[in-house]
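Listed after this line are the structures, all set down as structure tokens.
Paired with chain B in one complex and with chain C in the other, chain A is shared by the two complexes that follow.
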Partner chain A sequence: MAIAGVGQTPYRRAHADASTGDLVFRAVSEALNDAGFDRGDVDAVVAGVAPDALAGVNCIEKSVIGAAAPPGAPFFRVNTGGATGSSAMLAAMTLVAAGRADVVVAFALERMGQAVTSQQVFNTIFDPIYEKDFVLTTITMAALRASLLMARYGYTERHWAALAARNHRLALKNPLAHLHRDLTVEAVLESPLLAWPIHLYEACPMSEGACALVIAAGDRLPGRGPVAWVHGAASYSDSYAMGDRFDRPEGTLVDLVTLRRAAEVAYRQAGIADPAKEIDVVEIHAPFSSAEVMAYPPLGLCTPEDGPAYVDALIDGDAGGGSGGGGPGPVVNPSGGPMAANPVSATAMIRIAECALQVRGAAGDRQVDGARRAVATGQGGATQFSSACVLAAEPPGGP
Partner chain B sequence: MTDTELVTVDGVWNFQYRYFAGETASRFFAELRDERRIVGRRCPGCQRVLVPARSWCDRCFLATTEWVAVGTEGVVEAFTVLTAAFPGLPEPPLAIAYVTLDGAGTALLNFVDGLDLADIDASAALLLDRPRVEVMFHDERHGRMTDFHFRLKD
Partner chain C sequence: MPACFVDGLAVEIGPPDPARNLTELIFQTVRRALDDAGRDIDEVDSVVIAAHDLVDGRSLSSMVCAPAAGAYLKDEIRLGDDGAAAFSLAAARLEAGEARCSIVAAWGRASEGDPDAIARALFDPITEGPFGLTELTVSALRASQWLGRHGRNGSADSARAAATERRAAAASAHPGAARRLVAAPAGVRPPAAGSGMASPPPAVGAAPWPLRPGELPCWADVAVAMVISDRESPVRVAGIGHGSEPYSPGDRDLAGLPGLTLAVRHAWPSQRAPGDVDIAELDGLTLFDEAIAAEAAGLATPGEGLRALAADGRINRSGGSAAGYCAPAMGLTRIAEAALQLRMPERSTHRYGGQSAPGDASDGGADCAPARSARWALATGSSTVAAQTHTAVVLEAQ
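And now, the complex of A and B:
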């Protein structure tokens, strides 16, 4: 099967000029037009929407079914926190693989621009009995991991700042990104400290928008335009309690056990033995620069111990050109990643959409020359959910 | 359309809840309030003592069977210092840490004091070294996680 179409609204702090239905209508219409299908071809719809309180509307997806497909299509909502968008894609794939649908629209909707503040909402996703009192939010949960990475592997505050500056610079070429900031490492380090060691410019913004994918069975695709073939995709879950993930054989809180399993399976399905050499583009779902490094070892880009050196090489590789292509191995985050736009429900789907555009050679100014194979990650629920999705220009088994 | 004044409608979510802790956490809180003890539950499979207490082990899928009082000292596993104010959250600066208490197989989260939070970098440097901390029980206890906090050992 393949991703036959991609549709994205721009991602902005708020789309005050658009209703929720407008956002979904635009993204889904663009994806269907891109695929050469119309709404009558849609067999099922999967909606990705993360916590309702971000938009302040309960079950907001119910109100926008009509923007995606005609009445009658089976409809499912998926929510795995930050991984919602990739989980929606995997659910859509599962419907196709099971023979229950040939053409599925998966859309992910984020309306958090309506929230006056998000951290208070994010505090409510944590356990109210044992943990919520201790200012757990998306920022502090990321900061707990960042400090552990520093203690364990020797990352420094400068690594976080340099990676943030790199992602923001790459986003300058992405018109869909919410933030377009050309920042020096010093400027990042001088931005306000949110929760040690995370500074404001090392944290994702609040963004809203919609992303849509058309997933279609291979036998529905002959004669259509270039598509992004799915070569491998997997998603795994982990134990909930963060405190249970320090002392255990499978890996600590910063080892992303779930992403390691997902990448292993997706690579095996795709026949990839040496990911650092065989993959051209990586889109990592990391809303904080410090979170990005946790994905490198599971993706096979470096060992955990070599992480700081890998970051240094990534930064050095950008020196001069700033295209993101001079580093070791694949190009990481040509879109700028979630640092420049984080519409929570959609962010993991955007990684897949960006990889689809890359392997089709349709990524505009952010296109990586000669990209044929790409991997997208999804990450959610306090590193509880991970997915990996390998896309390529050629169908599995060759053209 | 371009001249249309965009309408926004104000809203607020303010629902009231009563969160049910269940029998196991309720006993954990009673021990904390009445006995100034931190207790966990031992898994008969992996022998881990789960702290805070839970009724089943999600590694072995067995019901935990035994109450165990763990130490009132332990080691910092991970930490952060919240430095920015966010609407609806407590006033910063606040240090939090996951701490594995002596005898426990898992870590629990709470505030840490005994740090000079006027100097964030120095506090962070101390906490990066995985220091030992002790449990400070509050004089007034209500059977809540906030009945204690951690204090850096000298």
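And now, the complex of A and C:
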């Protein structure tokens, strides 16, 4: 099966001039046109929408089914927090693999610009009694991990700032990005401190927008252009309690055990033995620069102990495509990643969409030369839900 | 469709239990389903759950609830949809070869929030909110339209009364469900367990016209879990179908559910007809939703849905929404009820408010007991907004 079409709205702080239906219609229409299908070809729809409270409407996706499919179409709504977009894609793949559908539209929608403050909504993901004494928020949750990474592996505040500056610089080539900022490391370090050691410009923005993918069985592809073939995909779920994950046998709180397991399965399905050499592009779902480094070891880009050196190489242009495209190894986040746009429900799907565009050679100014194989990650909950998806230019088994 | 079987199930429908929090309720229900299946958690390689944040009272409630449903370091996905849709996706994972044994779980505790307030949030706050739309008021509009089309003769009213009476009787006969619940009007919390309150008459005006109090759902705390796998068992999943309605109530023919008709048509094996059904567990918020669902499912002709509910012993032996209701658990509850009735007289470990299941030797439950020869069962689940999306599941006794 393959991703036959990709559609994305621009990502903005708020789309004041577009209704929810407008956003979904635009993204789905673009994806269907890209694939060479029309709505009548769609057998099922999978919608990805994360916390309802962000949009202020319960089950907002139900109002826009008609924007994606003909009347009566089978419909599923997925909500796995930050991983919603990739979970929706995986559910769509399941329907195709099961033979339930030949053509599925998966869309992810975010309207968090309608929320007065997203943090108040995000705070309700934590226990209102046991955890309120710890001032636990999505930001302090990430800060806890960042400080643990610094203590255990030797990362510094400068690593977080330099990675953020790199992502923002890469996003300058992405016209869909919400933020276009050419930042120096010093400018990032001078931005307001949210929760030590995380600064404002090391954090993702609040963004709105919609992303859509058309997933089709191999024998239903119109054959009018390159597609992104799915070579492997998997997801795993972890315990909620962060305290239980500090030093358990399966891995520590910053080891991203679920991403490691998901990547192992996806790589095995794709026949990838040495990801650092066999993958051309990596799109990582990490809403903070400090969170991004947690994904490198599970994806096989470096060991946990070598993480700071790998980040140094990324920053200096000696690895991962460097800050502007040079350096050996997979190019990391050529789109700029979630720091450039973070429509929560859609962010993980955007990673897949960007990988699909890369292996098709259709990523515009952010295209990585010669990209043939890419991996996208999804991350949700308290680094609790992880997914990995491997896409390639050639079908499994070769052309 | 590839082999997919019901291994085990557990259902809890009851009043609020102050001794257990939500995760404990989920964990214990899933544990009982695994025990019913004779499975260890290590044998499970997939978890699919259905839950709504606003019902659970916290955003991304699966963060804390998914592990309780057995999802620790497993492939888990949560749908913000009806539990029957979760069942369908879990079965699709088996059909695709992605998993061999899956937990499906859904829950909702009506005691945790005002169902009407949650339902109001389903509608656009600018264009629809001012009209006071809720799931229940749309159901009332549906009843009004149905009555306008089919209820102009006197027999419709007697059928309505008979259907109400049978529904209440079935719910009362259902071990532990309505019998232990106060038949609370919509939006009113049932009393805590052990409060000693008898069932008071519903408050005047609680039922939006033309609905009557006895036609309303009985709000309850519900948790349901099923274990399905590719291992042969007494109940096989024979077909699954889906359908949907337009979003806006104004764009629908409220006296019908064409999306459900589509779902049922897709679910039935090609060589069978809906009329072959021996057991039908139909999800519906109110009596009229159940009657219209019976018509949409092909179990009654248009206009005969109430009469079918009153007289057709195949339909909703469990008592339907009168035996306890809270979205998004009801579609999976209907599937579990159907599976349970198919596999009787095997003893089940599932529990209704602490009492024995139908089929237990100690229990009367005559109205719940289907014919021993029952082979085909249809179960349906409908989801927001106002039964907009549907899942139909056909089960076959082996």
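Brief remarks on what is shown
Rule of thumb we're sticking to: the second predicted complex is superposed on the first by the 386 of 399 C-alpha atoms of A that agree within 3 Å, B and C clash if a C-alpha of one lies under 4 Å from a C-alpha of the other, contacts with A are read in each partner's own complex, and residues count from 1 in each chain.
Just so we're on the same page, contacts are C-beta pairs under 8 Å (C-beta built on N, C-alpha and C of every residue); 3 or more make two chains touch, one makes a residue touch a chain.
Please read these numbers as outputs of a predicted model, since none were measured by experiment.
In the superposition on chain A, contact of A:Gly243 is made with chain B only, not with chain C.
Judged by the touch definition given at the top, the superposed model places A:Ala91 against chain C, while chain B stays out of reach.
Chain A residues in contact with chain B (one complex) as well as with chain C (other complex) are 53, 56, 128, 239-240.
Of all the residues in chain B, the ones that touch chain A in their complex are 6, 8, 11, 13, 17, 19, 21-22, 25, 50-52, 54, 58-59, 77-84, 86-90, 94, 96, 98, 100, 105-111, 120, 123-124, 127-130, 144-146. For chain A in complex with chain B, the touching residues are 16-17, 53, 56, 114, 116-117, 119-120, 123, 128-131, 133-137, 139-140, 143-148, 150-151, 192-198, 200, 239-244, 246-248, 253.
Within the complex formed with chain A, the chain C residues making contact are 2, 47, 52-54, 58-60, 62-64, 66-67, 71-81, 85, 88-89, 92-93, 95-98, 118, 121-125, 240, 242-247, 258-259, 262, 384-385, 388-389. Interface residues of chain A, counted against chain C in their complex, comprise 44, 49-53, 56-59, 62-66, 71-81, 87, 90-91, 94-95, 97-100, 121-122, 124-125, 127-128, 234-240, 250, 257-258, 261, 380-382, 384-385.
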